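Below: the structure, in structure tokens.
Order as written gives the chain letters A, B and C; numbering starts at 1 within each chain.
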């Protein structure tokens, strides 16, 4: 498999704080790579290093097979577009002027892509309005448009749907999918809205405390995401006692509901619950979401701790 | 408003800005005397009088106030924290007056700090000063009113402009322009005085001549080159601009002539600029 | 880098900031020559008088320019940090050295353009008064020195602006720096003038203050600083020939020699430029950008 980005044990320290602590990942060519992590996990720091804004304290990375400290890295970067943290736009220029500026900077022969890009991100009607008067969502879209100037092969998007309305989120999602399918652009995207990411990503990297905890394809994730039975009962404490006796893995969600991660004989369970004066109100099959998988990956062990206490 | 004042004072005195400005002034206050000491040949110290260095803090107060006020009050607009104050129920007038009170207090502290450090270094290194201590304290008091006036002016600009960067640029340029204007006006009025000294009774009466002889300047007497409205305007700036006041303090050995006017102008400038500032700030939209 | 330059020049010439400064500098130039340029011929004593006005206008221009450059460079360059658009340049594959050099070239060229426009304005009255009485060599030396100083001074302000991400802080540091430099230059010049005056009084047998005479080493240090510091050179654009000739009788020094002295001074400025720029690029390369 060909990899567009390869990182090896990347570390970044800010005085005594370790922002990245041995981050290693590989982004396959043509994929939509979703970077998932909590606030402060190191996603934005990683993007900054990748974009050349900062140097790693140790470790290395490659973009299109060129190591970051080699001469050709700037050429590799020209194949890249990025929106890191906040959109990088001139606030005293209009949308069109911002894109024309980017065209000039990249040495493009003409501005033919400007109108098309504005239409693509939904900013075709902004006219003479300066970027400082845009809403947050409009600034975000303009940032994406600027990143798309020059038809990059690799797009890095750090929480691109921040501040977008529901329609905007759908539009950007469809844009990313289109760019990936039609133009074979590799996209690396981070987001907190995990449900949204699950509709996009073909590969995932789960980041926690500055390192990649797990890397997997969307297929592997699907298989790993556990199915469970969600039960609503009148007394989860009683239910917990019964399930502990049965030696079954479960997770209490609230005073009246819990998820059970095992195949059970429900008649036996029902009888046992009746014995504890606990009634079953409802029962249905439930798939673990990306959110649930992520929490179990990085926040796992909490239920075990709670039950021990 | 008391809660707001308390919060603002805490923000001022626990923030980096105040202590950076204090440090700058401490270095400034000590450096002139230390440099003079280092470059004066030993044995010649008795002939060195460093009174002028005591008032450099006041002369540079325009720039100090520009930076301090723009960063302290202007940052609130850039960071959006002024919205929190309004949402918490404070009025725009209350916010403005608080900012004025805090910035004035901080800058007066800096002014006196400069003075005492410069005085201490002067006294320790050179011993003698022309001014008596009581005169110096009276001058510093007039200077403190001038500091409040300058603060009010800079705050008016900052609250109208509502951007830290533009406020600091405009305020610093204004401070530099006022300084240059002060020097030019003082030079011109000195030449005007020299002309009057050589003039006959048809230009200047005996009474006024006596004032001129005693104080080296007399107000309201036209000369060939300077007269009418132009003279009146220049005399107004001569008395009202803080840098001009400070330059005169450093030259004279007692309270300067027309010191009462300095006090009145300082108070008037404070009131007028505050009124303009409050009215404008209340009308302007915030983002 | 060509693309970067094109983009940055277009940004500069489209920006309101540039046009505000250009208009203000034109107004300033017109104001400084207005009274003399309008003076009827019958009141003029000789064409030489406009020559003095021209020299004074040049001198005041460079004095005001150093403040204008502090503000213009800071506001123009630090906008890149504030808006985050400097990231686009790095992400696009431009090296940090090129990004730095681009800003330096744009700011220096802008300064030179403003100087040329203003030079043209203050030269217009020569059409009315003629240039007789004006020393062409002195004027040429003055113009060359001012042009070189514009580039050297921009190097200093670009250094501050590229390394200080906050716009407001960048403006403050630049203005405070130039004030400190000017005050230092004033003090250095004061020391040298007092020394010179006291020595002359001593030689003529009159009363002088011994404390004002500098020791040999001290004198050398102050003189060196007097030549090296750009702000000292700015102050001396007015009496440039005396400055170049170390206050000896310039009528005894051939023009060629004065030109060689000027070349030496320009070389010093070039060294300052190179050192400041090299330091700026080195630090900027290591700087983490957000």
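The criterion applied here is as follows: contacts are C-beta pairs under 8 Å (C-beta built on N, C-alpha and C of every residue); 3 or more make two chains touch, one makes a residue touch a chain.
These numbers were taken from a predicted model, which means no experiment stands behind them.
Taken pairwise by the contact criterion, the protein chains link up end to end in a single open path, with no chain closing the loop. The greater number of contacting C-beta pairs, out of the two interfaces B-C and A-C, is seen for A-C. Centre-to-centre separation of subunit A and subunit B, using mean CA positions: 56 Å.
Look at where the CA atoms of subunit B average out and do the same for subunit C: the two points lie 29 Å apart. Look at where the CA atoms of subunit A average out and do the same for subunit C: the two points lie 52 Å apart. Across the complex, subunit C is touched by residues 48, 51-55, 74-78, 80-82, 84-92, 97, 101-102, 104-107, 146, 150 of subunit A. On subunit C, the positions that touch subunit B within their shared complex are 67, 71, 75, 167-168, 171-172, 175-176, 179, 187, 191, 209-211, 218. Residues 2-4, 6-7, 10-11, 14-16, 79, 83-95, 286, 288-290 of subunit C are the ones touching subunit A in the complex. Those residues of subunit B whose C-beta lies close enough to touch subunit C in the complex are 35, 39-41, 44, 47, 63, 67, 70-71, 74, 164-165, 167-169, 172-173, 176.
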